[in-house]
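Here chain A shows up in two complexes: once beside chain B, once beside chain C.
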Partner chain A sequence: MISKHKSAVYMDGKSLLEEKIKKKNRRKDYLGTYLFLTPALLLLFTFSFVPIIYVVYLSFHRVRLPDDPIFIGIGNYAQLMGDSVFWRSMGNTLIYTLGSMSLGLFAGLCVAVLLNRAFKGKRFFKVFYFLPSVTSDVVSAMIFLWIFDHNLGILNYLLPKVGLVEPPAWLLDPFWAMFILIFVGSWRGAAYNIPIFLAGLEGVPKSYYEAAEIDGANGWHKFWRITIPSIMPISVYCMVMSIIASFQVVAIVDVLTDGGPDNSTLVALKYVWQQSFQFNYVGYGATMSLFIFPFLLVMTWLNLKLSKRSG
Partner chain B sequence: MKKILFLPMILLLVLLFAACSGSDNEVNSGNDDQNNDQNNDQEQNNDEEQNNEQSADVPDRDFAAEGLPEYNQAIGDLEETTLEVWMAADYIDEAPVQDAIAEFMEVYPNINVETAGHTWGDMQDQVRLAVNGGAPPDLAHFHAFSMGNQGLAEPVDDLWEEWGAEEEFLPGAVDNVTWEGTKYGVPIDINTTFYLYNTEMFEEKNLSPPTTLEEFTEVSIEVADLDQGRYGFVPAASTWGLHGWMVSEGAEILTEEDGEWSTNFTDEKVLDVVKTYTDIATEHKVGPLPPAQARQSDHPVAMFGNERAAAIISGPFDISRIENEFPEMFDKVGTALLPGSGKGSVAGGGSMFVPKDSENREASFELMKWIISDKYAIRMADEMGRHPVKAHMYENELYADPLLEPFIETLQHAEQYYLEAFPEANSAYSDAFRNVFDGADIEEAFTEAQEKAEEALARSSNE
Partner chain C sequence: MQKRKKINLIITYVLAIFVLMIFVGPYLWMVATALKSQGEVMAWPPTIIPTEFHFQNFVDIWQNSVLPRAFFNSVIVATIATVINVFFASLAAFAFARLEFPWKNSLFLAVLATMMIPPGLMIVPLFSLIRNIPFTGPSGWLDSYAGLIIPTAITGFAIFLLKQYFMSIPKDLDDQAAIDGCSKFQIYWRIILPLSRPALALVAIFTFLGNWNEYLWHLTVARSADMYTIQIALARFQTEHNIEWTLIMAGATTAAVPMLIMYFALQPLFEKGLGGIGTGMKD
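And then the complex of A and B:
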């Protein structure tokens, strides 16, 4: 009985010891993990979190560099509410975003469907269509400037030759100027989306189409009932990336329209830049940035949510 | 395996923390002090020897005869220094500027110069960012008066006084570096605007260049041949360019009284000039609408050089450009004074300045003297179409060119575009001008601009 008891104590003691060793090892593992993560976390903290916190701080101050910030409470936020130019720029950004995203997705999907067949030179076209997305924004915009400039552009040189005597001043007309910006944005967006859609299309099992054919489905049915649902997660990803990229547009606007005519193509980030760095209202610029930030945050959240659901 | 990975990781962290500890925290014992004294003495001796060596290296050259500044011993005695120089991209890459910098470094081997080109239109914002970020370049290029007003440039009155060369400069050029009596830099070049026309087209219609605003409209209409795709005049949506007309007509957009600045955008004369100028494109349609882009200088030259327009307003810099880019039509180019009083134009060109808090003020100032020295100034005029800021340079045979006559004539009366020193007010004025081309009512547009400018000036005077 005694020996039995002793053995139980021994056994308990052993299990306690094992537990202690396990704990120690686990702590070691955690320590290792955190040590490895430290450099990346430090960089992330320094270059992402600190600036964001600083922007929040600035938004409650009047900042005219190099002077010290002066606390003004919600003064910048109040100014923002009454700033018609800012709201106009937000409206323009939304129009641009919706336009360039929809056109970019549609064109990207169309080209990807066309490329998703066996034909000679397929590889060349894959690279060719991707080129605009690796070309800088400024270069892309310059190409379109030389097409659409009303005096020296090639389009207005050719149109009178086919009977259109007085072609419009494309970049000086509010409607056409925005349309051209959307066109350039979607041209670049489509180029980015094509390889992603193509990868998605190539991943749809052939057996689905064969089964549908046996059931008598035509091409349109197969596209709507099989292709589209299969590539939905990829489409959501492309959509969210397009929205984020569109919110960050500045260079194309700078080169083509400079925000004109009469602010009709002024986008939010260009206005933020102007207020912050051209006019030195850094605090106010920070407030505007904070207003744009939630949009992007919501989009990213939406992306994760929808991708998960689709998955 | 884990342990092996730990070691470099820990080492890296130790190094990281070690690097964070400042080098200022050196603690010396009494003995160390003695050793340090000895070391200091030795270093001092070495420095003296070095200085003697450097003094001995003073180049045996007659700098003045070569059209260069005299050797400056104080600069030669400086420690090894690197100057970061930011200039407009269409200056810094040009041979005269590069050669001036190279020869400066040859004469002062202790000074190394690193250059970077920036777009002229972006320079102000770039310098502002650099100054506010605590990393200013040593020398930058813009309108020093504007940078001085915004607290972005170092005053250099003491260095000008030491130099003693102010008398040599054209008054308009010195204006480019002066704000409220303080000098903030050294002018690099000067230009004014005048009327450039296609002599062949004018002769065809038996016309002479216009001398008044009314004549300007008439001549522009008459010389145009829209069926042939030829415009009479190419307006630009540039308020700097417009300012020449304002000066010529005696219109003042900005005035100063007892240190208080105010704008007069709704002045009748101002609106008259704007109307005459913009009507060419919007009402009479004998000029194209200016392009949407911020940079306006390329478009008129391209239209004029391709003979799609009979006249433009520009400066001497575009004479060289037309000669280089459109040689086949260069012999048809004629020049005349701006229509108006005949005694006005806008003073252009730029200046070099030492951005606020730069540590190498003296060396930068010396480099400025080299860049505008007679030797390189005349090369800048000849090769780049960027004209000198010193009066005696205009005795050079280069200025016997009849095309440059209106430029030399207007040099005496040209005025700086001071509104540039107030970016927000300037932006409001520029937007209004642009909007008139895009169909806005002149009075409404400029009344709105006036209100915005008044608010902006009030804000800046309160700060």
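And then the complex of A and C:
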């Protein structure tokens, strides 16, 4: 648009020539620019957007490797509607996500409030509280597999000492298996949330509290009327991040329960993985992935919007 | 009043130490178990601190398991992915921050859009895609370093973060350099990169950490034991050595220690980055 306007101004021959050279130079410029962009964008876009198209294609095919895909229309979708194991896995995922998200948020906020007090050695505690976010899912899950072990686990030694004579069968019991998954998930989640909540708490202007004190507010009032509303945006951010991560949980489940007992901890993405790579129904796995996609897309979109707004 | 303050402080410390036990206790228990003999682990009641340090467990897993090879694989994968991401993402970020070109806004929106794609749900099509990479063997990039590294190396987040950081550097600096005859690449290399060390380090740390701790994608790509990365090998090791908790915990310690060292050694950078995450990476 701009170049058109400019060429209308320079109408004599000389300027037209100048314009041509400029254009040529600019094209050369763009060429240089694309050298900066191409390697990163080519890789990023290829491995981000091609799979999205591919997953749609696969969902309409029966794919049994190493055979070629066979078009089966909506066959996979019909199968999905009647697949009770899939719906069970979605239910399990929902329970896990809600559990680990709320527990992770609650515990993270409580610890952040604690750290927001003035005391010596605060930084030391803060550094160590973050550890679970640094080590992997597999390592964390493995430590708790050992702690909750029903034969030799330390917990079964400690619990009778505080009065719980008969500890449950932990990972062998459907209820407690899910409980342990949620516990490990929120253990990592809380550790991740603490510094974020703390940054939020430290950002609340002191004058708000002083003004409230003058009006005669007590600690509880200040917390509910000032602290909570002030950190609302950051809480929503933590919540969305936690939902996105929890919905895609696999590693913790693989190590702790492998989906058992009796599919009670089989989460959606684990079922997708099993169908695709253990039972070789790649097309069906793609269909399930695509089915879960819109829900998470809303979450990630919300996340992006929130982080852009606060930034 | 003074007394009440003191009680408050004591409560604070008691709570802080209780929370510390929850977050750090499990790691201490991991290390304690890794240093016990198999006999001591079986003993009831359990000992909290090993009666004698049994470093043999680490020697055993180092000599008779797939873990050393997997450890080496993870070092390779995480290092190369980090180099790729830091270099190429910063190049692209420089273009978005400093250069003018057609479709700039649309391309940047596309970069942001990649951040919205849940990686777990892309495993199946991504697997099919790398199986069919042109000019490769019948199984494509499966079971190869290329498959482990390349599809997940570049992150939209790195481009986004670096672009924001580059934009905070005064433009006068590169104008001055341009007058002195610097090319665009020289401006990027000599001016922007040296001034962006904190942001580059942050991207490097999180890329390395992410690749070291990656599970699902590596599980999908690595088909033979030779290609296992540390997390995959550790999970396999645990199922094979069901009740040998000393060895399993020694393995877990081996997998965790590099990240713990990195975390403590680069503490200021972590602190800076984490404060920024929640506030949308303001600086």
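We adopt the following convention: the second predicted complex is superposed on the first by the 249 of 311 C-alpha atoms of A that agree within 3 Å, B and C clash if a C-alpha of one lies under 4 Å from a C-alpha of the other, contacts with A are read in each partner's own complex, and residues count from 1 in each chain.
By our rule, a residue touches a chain if its C-beta (ideal position, glycine included) is under 8 Å from a C-beta of that chain, and two chains touch if they have at least 3 such contacts.
In this text the structure is predicted, and so the values were computed from the model without any measurement.
> Could you look at A:277 and tell me whether it touches chain B, chain C, both or neither (first, second, both, neither)?
both
> Which partner does A:39 contact after superposing on A: first (chain B), second (chain C), both, neither?
A:39 sits against chain B and chain C alike.
> For A:244, decide between first (touching chain B), second (touching chain C), both and neither.
It touches chain C, and chain B stays clear.
> When the two structures are laid over each other on chain A, which of chain B and chain C touches more residues of chain A?
C
> Taking the superposition on A as described, I'd like to know which of chain B and chain C A:150 touches: first, second, both or neither.
first
> Please indicate which partner A:172 is in contact with in the superposed arrangement: first for chain B, second for chain C, both, or neither.
The answer is first: A:172 touches chain B but not chain C.
> Is A:64 touching anything from chain B or chain C once the two structures are fitted on A? First, second, both or neither.
Only chain B is touched by A:64; chain C is not.
> With the two complexes superposed on chain A, say which partner A:99 touches: chain B (first), chain C (second), both, or neither.
A:99: touches no partner chain.
> Quick one: is A:255 in contact with chain B, with chain C, with both, or with neither? Answer first, second, both or neither.
Both partners, chain B and chain C.
> Applying the touch criterion given at the start, work out whether A:185 contacts chain B, chain C, both or neither, answering first, second, both or neither.
A:185: touches no partner chain.
> Where on chain A do the contacts from chain B and from chain C line up?
In chain A, positions 32, 36, 39, 65-66, 145, 149, 151-152, 254-255, 277 sit in both the chain B and chain C interfaces.
> Applying the document's contact rule, which stretches of chain C touch chain A when the two form their complex?
It comes out as residues 9, 12-13, 15-16, 19-20, 22-24, 26-27, 29-30, 33, 41-42, 44-46, 84, 88-89, 91-92, 94-95, 99-102, 107, 110-129, 131, 138, 150-156, 159, 164, 184, 188, 209, 212-213, 215-216, 219-220, 231, 234-235, 238, 243, 245, 248-249, 252, 255-256, 259-260, 262-264, 267, 270-271, 274-275, 277-282.
> Of all residues in chain B, which touch chain A in the complex?
Residue list for chain B touching chain A: 2, 5-6, 9-10, 12-13, 125, 128-129, 131-132, 150-151, 288-289, 291-294, 299, 302-303, 308, 356, 423-424, 427, 434-435, 437-438, 440, 456, 463.
> Under the stated contact criterion, what part of chain A meets chain C in this complex?
Answer in residue numbers: 30, 32-34, 36-37, 39-41, 43-45, 47-52, 54-55, 58, 63, 65-66, 111, 114-115, 117, 119, 121, 125, 127-132, 134-140, 142-147, 149, 151-152, 154, 157, 187, 191, 195-197, 199-200, 203, 234, 237-238, 244, 247-248, 250-251, 254-255, 269, 272-273, 276-277, 282, 285-286, 289-290, 292-293, 296-297, 300-301, 303-304, 306-311.
> State the interface residues of chain A toward chain B in the complex, per the touch definition above.
These residues of chain A touch chain B: 32, 35-36, 38-39, 64-67, 145, 149-152, 169, 171-172, 177, 254-258, 260-262, 274, 277-280.
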